Structure formats: C-alpha cells, structure tokens
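I am attaching a structure below and will ask some questions about it afterwards.
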Amino acid sequence: MANPILQVENLQICVRKKPGVLILRGVSFHVNAGETLAIVGESGCGKSMTSLAIMGLLPDAVEKLSGTIRFKGRELPIADNRAMRKVRAAEIGMVFQEPMAALDPLYPVGKQVLEVIEEHEKLPREMAWARVIDLLTKVDLPNPETLAWSYPHKLSGGQLQRVVIAMALACNPDVLIADEPTTALDVTVQAQIMRLLKRLQRDTGVAIVLITHNLGLVAHTADRVMVMYAGNKAEEAPTRDLFLSPRHPYTRGLLDATPNPERASAQGGVLREIPGTVPSIADPMSGCRFAPRCGNASELCRARFPEPTIEGAHGYACHHPGTDARV
Amino acid sequence: MKPIRRRFPWAFLAKRVAYGALAMLVIAIINFFLLKLAPGDAAEALAGQAGTADPVYIAQLRAQFGLDQPLLSQLWAFVVRLATLDLGYSYVFNERVSVLIFSRMPATLMLMGAAIVIAVIGGIVFGVTAARYANRWPDRVISFVALLLYGTPPYWIGLMMILIFAVTLGWTPTSGMENVLAFNTGWDRVVDIAHHLILPALAQSIFYLAIYIRLVRAGMLEVLSLDFIRVARAKGISERRLSYRHALRNAVLPLVTVVGTNVGNFLGGAVLTETVFSWPGVGRLMFDAMFQRDLNLLLSILVLSSFFVIVANLVVDLLYAIINPTVELK
Amino acid sequence: MDRVKSLASAILRDWMLLLGLLLLATVFFMAATAPFFFPQPPDTMMGPPLQWPGQYPGAPLGTDGLGRNILAGLFYGAQISLLVGFASVTVAMVFGILVGAFAGYYGGWIDNLLMRVTELFQTIPQFMLAIVVVAVLGPSIQVIIFSLAVVSWPAIARLVRGEFMVLREKAYVQGCIVVGMSDRRIIFTQILPNAMSGVTVMSTIMIATAILMESALSFLGFGDPNVTTWGTMIGMGKNNLRDAWYIMTIPGIALLLTALALNLVGDGLNDYLNPRLRSQRGQ
C-alpha cells in the first residue's frame, strides 16, 4: 500500500557559506501517493525551509549542505532553477500562508491561473482559458467567468486562497505542499478551505503535505504526522498512533499543551509553548537539542545525539522515550 | 474570454478640470502680484526694461493693463486676458505673444519627449540591471555613476557633449534644430532633425536618468522581495518573465508618477538646454525674453508652462489608473 | 556621547559618507581662505590670457580669456555657492517647516488649503519661476537666495506635513494634548524635533540642487553681476569652447564635486538617522 512519491533523505540546510549554522540538521521523511502528511513544530523549527527546499525555492541566503530529495524515484536538482521550473506546479504545487499578498496586484486573477497552464502545457488559448474557468469552479468560487477578470484587491482572503489553490492544482501535480494555508484566514473560512482541500484530494488523488500549528486540523485531516524540533525530525507516526501514544517528550509536551486535540480548533487551535526557548541555529550542541527543556534529559542526552528508533510506522529520535499511552 | 471594461472616470475628470481652472486662476493672481512687486510703475517695468522706453508703447501698455484702474479691476482684466489667451504684443519680437509661444511649443515638446523617453528607458534598463546584481560590481558601478550624474550641472554636461561629440569627434551638429540651408524635405528632414536632437535630448535627460535609475533599482529590490514573486516562482515561470512581467511592471508604477511630477522641471530645464544648443523652443524664447527684459513675455511663458504642467499631470494620472488597476479615480 | 561614537564609526564604515565630508570640507576651506590666498579680487587680470593649466606659474589652473586666474575664481566662487546654497535652503526650511507643521498638525481645511497652495507652487516650473523672480526684482545675491527659497520650500513643507501627520497620532503627543499643553509648544518642542531627521537629509540634498540652480542662473547671465561664480565662469568659458575648453571644464568639475559631496553626505546622514531604511542601500 505504501507507495512513496516524495522521499527526503538526510536533508541538511545551512546559512550560505556557513556550514556550521544549520537550519535543517538531517531530516528524512517520505510522502505516499494520495495521503496527507502533516508537519508540525514550533515556529522557526524549519518547516517552511523544508517545503521551500523541495520546491527549489530556498532563499539566496540559504543553501543545501547535503541530502537528497527524490520525486517518483529520481533526484530533484533543487539548486538548478531551470530544471526545477519544470517540476514546480507541474508535479509539485505549493500554497502559501498569506493569500492577500500571494497574487500580483496588476493582473486579473484568471490570467494568473492561466499563466501556470501556459507555462507547462502547450494548449490552445481557448482551451487553457476553459480550464481556468473549470478550475475556479472546482474551488467553489462564485461566477467564475466574471471573477476571472477581477483584480486581486477585489477579492476576500478566502477567495484569494481558493485562487492560489486553483493555481497550484492547475496542472494536476502529484503533491501539494500547503504551508500554513489557513493561518491568515478567520476560523469559518479556515474550515471551508480545509474541506475544499480534502475534497480536491479525493477527486484528484493529490498527496498533501500540510504544514500547520493547528493540532485540531492535524487530527481531522492528516494520515500521518511528522513533528519537527529545531531542525530535526523528533517523531513521525500515523496520526492515531501519535495522538494516542506519543513517544518523544517534545511531542508529549505539545499534546499536553493542547488537552483535547479534537477541540483544539475551537480553543483557538494554536500550539501552546513549552517552557524554555529553542536553541539558536548557530549553537553547535552535540547532544539532543531538546535536552535543555526536557524533563527526561540525562547525561547521555546532553552528550550524544539520539539516533532515530523505528517501530513499524512509528519513528522517534530520543534516548528515553515515554511509553505510557495517553487516554 | 473578454475582459470587463472599466467605465471612463468622467466625475474624476470634471473634478480635476475644475481644480485645474482654479489653480490657473491662482497662478495668474500670483503672477499679477509678482508684476506689482517690480520696482516702479508696472508699465515702465514692462516696457522700460525692454529697452524701448518709447512713450507711445508705455501709454499703450498702461491702457492694455488698465493700470489707471483700481487694483481689483486690474486683476480682473489681467485674468480675463489670460483666459482669452490675449497675452499682448511683444515689441521686442514684433509678434503677438500667444503666437510667439505656440510657434515655439512643438520644438520644446519634441526635445522634452525625447529626453523623457531616454531617461525612462535608460532608467529602467540600468535600474533593473543594478537590482539584478544588487551589491555586486555592476550595481556599484551603475549606482555610483548615477550619483555622479545626479550632481552634474545639466548645462555643463551639454557643453561637454558638444565639446566631445560635436567639436572633437564631429559626430553630431553643435547646435540648432535642423540644417536650414540644406532645404531638406520629407524623410531627409526627419533624419536631419533627429541628428540635431540627439545631443540636447541626452543632455536634458541626464539628471532624470540618474533619478530614475535609483528609483527603479529600489523599486525592483522591493518588489522582488514581495510574497507574490515567490508564489509566481512556485508556478514554474521563467526568471525573465518574472522580472519583466511581474516585478518590473510593479516597480515602474512609482516611476510614472515621478515622471508626471517632473514635467515642470523638464520645461524649466529646457531654458538651459535650449540656450546651450540654440534649440528654437520656448526655453530659448524665455532666455531671449529675459535677455531683452521683455517681462510680459516672460510672465506669459511662465503661465502657459504652468498650464501645460497641469494638463500633463492630469494625463499622467489617467495613464496611471490605466496601468494600475488598483487605483480608483475619484 | 554614544551618538557621537556611533556617528564616528558610521563615518569610518561608510567610505562614501567620508568622501562626501572630505569634499565638503575642501569647499568650505576654499571659501574661507579665498581672500588669504588671493588678496586681489577674482575678476582682476592676473596674467596673460588663455594660459593652459600648468603653463603659467602665477595661475596653476590657467587663466581665462581675460587673463583672470581660474584658481582664484574657484576659491571665490565657492563662497557664493555655499552662501546661496545654505542661505536659500535655510529660508526654505523655515517657511516649509511652518507650512508643513501647521498643515500636518491641524489637518482638516487648514491642511487642505496649505497643501493645495504647496502643490500649486510645485506646478509652476521651478527654474522658470526663479528666472521670473530675478527678472522682476533684479539680479542680486539676496534676490537669488529669495528666488531659490521660493522654489524650494514646497518639497520641505510636504515632507514635514507627512511626518507631522504620523507623529501627531503617537501616544506621547496625544498625552501632551490631554494634559493641555499649548499647540505651539507641542508643535515646536514635542513633534518638530522628531521630524527633523528627515528634514535634515532632504535639506542637505536640496542645498546641492540650489547650488546647481544658482550656477545655472549665473551661467545664463542672470546672476549678480558683481560677483564671480562658478556658473559665470562656465558661461564665459563657453566662448572658448574650441580653443580653451579647460576654462569651462574646471568650474564644472568643482560644481559636480560639490553637488556630489552634498549628496553623499545626505545619503550617509539618511543611513545614520533612519537606520530602518538602511537595507534599501544594501548591507
């Protein structure tokens, strides 16, 4: 059943020309075709950098140090902008956090969707335009023919995010990366957008990588969850396993901070912070990076980095994992 | 696929025309009092300094300006004459002032148009290049040259160009708008005028070129850091398309506004450029009027130039609204 | 003390600012020492005419068509350039600050009226207005300073107005209003000092523009006939464009370097006074 379409292996990302300042410290994970993988973790832990790396869109100040990213078995040349252009949107689509700033203010929204199709497929213009209208209809926008000619400033945040989703899915990619797609929207619109994404996933079979701070959202939508901490993967498990028997103390802290994930979104839905602060990306500490904030920390933790332990579909990187199941 | 047409902003136009008329009125009043500021009787200021101190002329001016009337009716008469374009007669040039000015307008507009085109295109090309290589050597060279040009006296750069390109290299004529003795017609005449136009247009554009380079560079850097550029990259479109279709169009918007506000400065600069290059336009006329102390002609040029600036600003605002759909003209 | 220290290190870090200050200091030095090095007025004939730079020991930078010492002209011209530049911008600053402060502080119809008048002045082509003012009032240094102030104040007024509109809403100003401080005190002691950094930067750059405009007036022959300025020197040199181009080239370079100096200093001050804008010029 497991059919990895996207595989990230030992990805290390550092600040350009500073191999000691690591933003990602060797992250490995995979995404199966058609599934939803959620990535959660505190602000600054490297979620966005992971997704930008996959798209080959790392900022100029940052570079890949080592590791591979495989899509459908072949390695993505993420430093080669020209080659990556053929991958972007055509095979991997991306949706960003700020819909209000995501579109060029000077072009009608339909034209901006059209631009994706024109870039990747040789279609007669009328057919491409018909596809734009079809896409706008599929993302539940009202009066698509008229709306296609509206400029971004005339649309609401929710409508704009639908346009961005239409853009990301215009060429039927196999993977959609959604980096906090609903954070900037108000609660009712958030739910609509998530329902839309799930429906589109059912219709097209696209795999979704959902980056979020909202554990309630994760519980509802994700098949598997990856928890990141300070540039490392802390834990990875099927959603149910993760919520019922979290092993990594950081994951447990996250869940404890959100007593009932089922109701998390109603409570405001944002991860509450665990006491203490995340170590700086320039800090060369050799042991577990969570040690300064961890209740289980020992000398071993401070001295040696915990190698990942894998138990079936459940993996974690910790010397002293918690075992008690949560109720 | 048919775009939705926007309605023409008639209300905006009406409002701006009304405001323009009011502005012209105030400018006329300012001019009127400027004339009153002149030492001695205005008629003598107008005529006496013209060197012709002819009593008949002075009497005529006095009647024409209604200088024997009370101040307010003088002002009224002044405004009415301006409104009807009855700007009086220039004894220095033996011609009606309105005819004089309008016959010189095309040459000035041609020079100004060419200078604006050079400054805008140059500003975009070099500004975009500087932004693409931000903080690397092409950027540093362009930015420093722009800074140098920004401080260069425009008339001096004109003289230096004459020295280098006309006198030393002999590539272009030194002055004038065309070779009158050649009696060129048709296409030959166009080529001849263009040949004469190159240096003055370049000289006049230099200062603005410097400003526009800095503006486009800053604009490009700002736009390239915006979210929608990253989203556009994520769509897989090429860097070229990204630069020219998305970034540049957004970065050039402020340039349009600035060009609009510079129209008046271009006209003012024409006095220098046209004097240096003996270009037969309004600027050169203004120099001659000043030289001959033809105050009435001077003031008339000032008023008409202001009028031209007001019209140009209106056109630029309409244009801006066309290229920037987020602007609502109200 | 810390401010002084950080300014000093900013100067050392930013060689462009340093270059600007050095050039500006040179111009001030020339203006101050002109009568000392050249006791004779700059328009006296000091040697044979049309001596190229280096040709005649009495005039290291050569002589013009009437045998006047070009170097002396440069020194005395610096006086006029600095005087006209600084004086006209000072007058423009006083007037522009008053207009901008009242417009920005009171808002409403006062703002509307003042800004419309300001825009109006920006509509009239600047250089043409300056010429007409000189034509009406007669060419003298005072009139030229006045005419350049007339064309320079609107830009300052608009800048000050913008700053006042923002600062007026700040909590500390609102506090002053609540405790009943007089408008005049709030404007001049509370808001204005905080609006001055932008004004300083803009004024520095406007001095360069004013100096260039004065030189342009002199170049056309509309300057004060009693003084030698760089603009007059270029105007005279124009007649010897073919045979003695150095006559107009040298004062032109002096103008260029002075304007460059003021722009460099303005840019540097901007970086120092508005650090949040620094990123626009790169790291």
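As written, the chains take the letters A, B and C, and residue 1 is the first residue of each chain.
Please note the rule applied: a residue touches a chain if its C-beta (ideal position, glycine included) is under 8 Å from a C-beta of that chain, and two chains touch if they have at least 3 such contacts.
Because the structure is a prediction, the values reported are computed rather than measured.
Chemist: Could you tell me between which two chains the number of C-beta pairs in contact is largest?
Modeler: Among the chain pairs, B-C has the highest number of C-beta contacts.
Chemist: Could you find the chain whose CA centre sits the greatest distance from that of subunit C?
Modeler: A
Chemist: Averaging only over C-alpha atoms, locate the centres of subunit B and subunit C and give their separation in whole Å.
Modeler: Subunit B and subunit C have C-alpha centres separated by 23 Å.
Chemist: Mind checking the centre-to-centre distance between subunit A and subunit C? Centres are C-alpha means, answer in whole Å.
Modeler: 55
Chemist: Compute the distance, rounded to whole Å, between the mean C-alpha positions of subunit A and subunit B.
Modeler: Subunit A and subunit B have C-alpha centres separated by 54 Å.
Chemist: So in the complex, which bits of subunit A are touching subunit B?
Modeler: Touching subunit B: residues 55, 57, 81, 84-90, 93-94, 96, 98, 101-106, 108, 110, 115-116, 119-120, 125-126, 129, 146, 148-149, 151, 153, 164, 167-168 of subunit A.
Chemist: For the complex, which residues does subunit C have touching subunit B?
Modeler: On the subunit C side, the touching residues are 116-117, 119-120, 122-129, 131-133, 135-138, 208, 212, 215-216, 219-222, 231, 234, 238, 241-242, 245, 248-249, 252, 255-260, 262-264, 267, 280, 282-283.
Chemist: In the complex formed with subunit C, which residues of subunit B make contact?
Modeler: 23, 26-27, 30, 34-35, 37-39, 45, 134-135, 139, 147-148, 150-156, 159-160, 162-163, 167, 218, 221-222, 261, 264-265, 267-269, 271-272, 275-276, 286-287, 290-291, 293, 295, 298-299, 301-302, 305-306, 309-310, 313
Chemist: List the residues on subunit B that touch subunit A in their complex, please.
Modeler: Touch list, subunit B to subunit A: 1, 3-4, 226-228, 230-239, 246, 249-250, 323-326.
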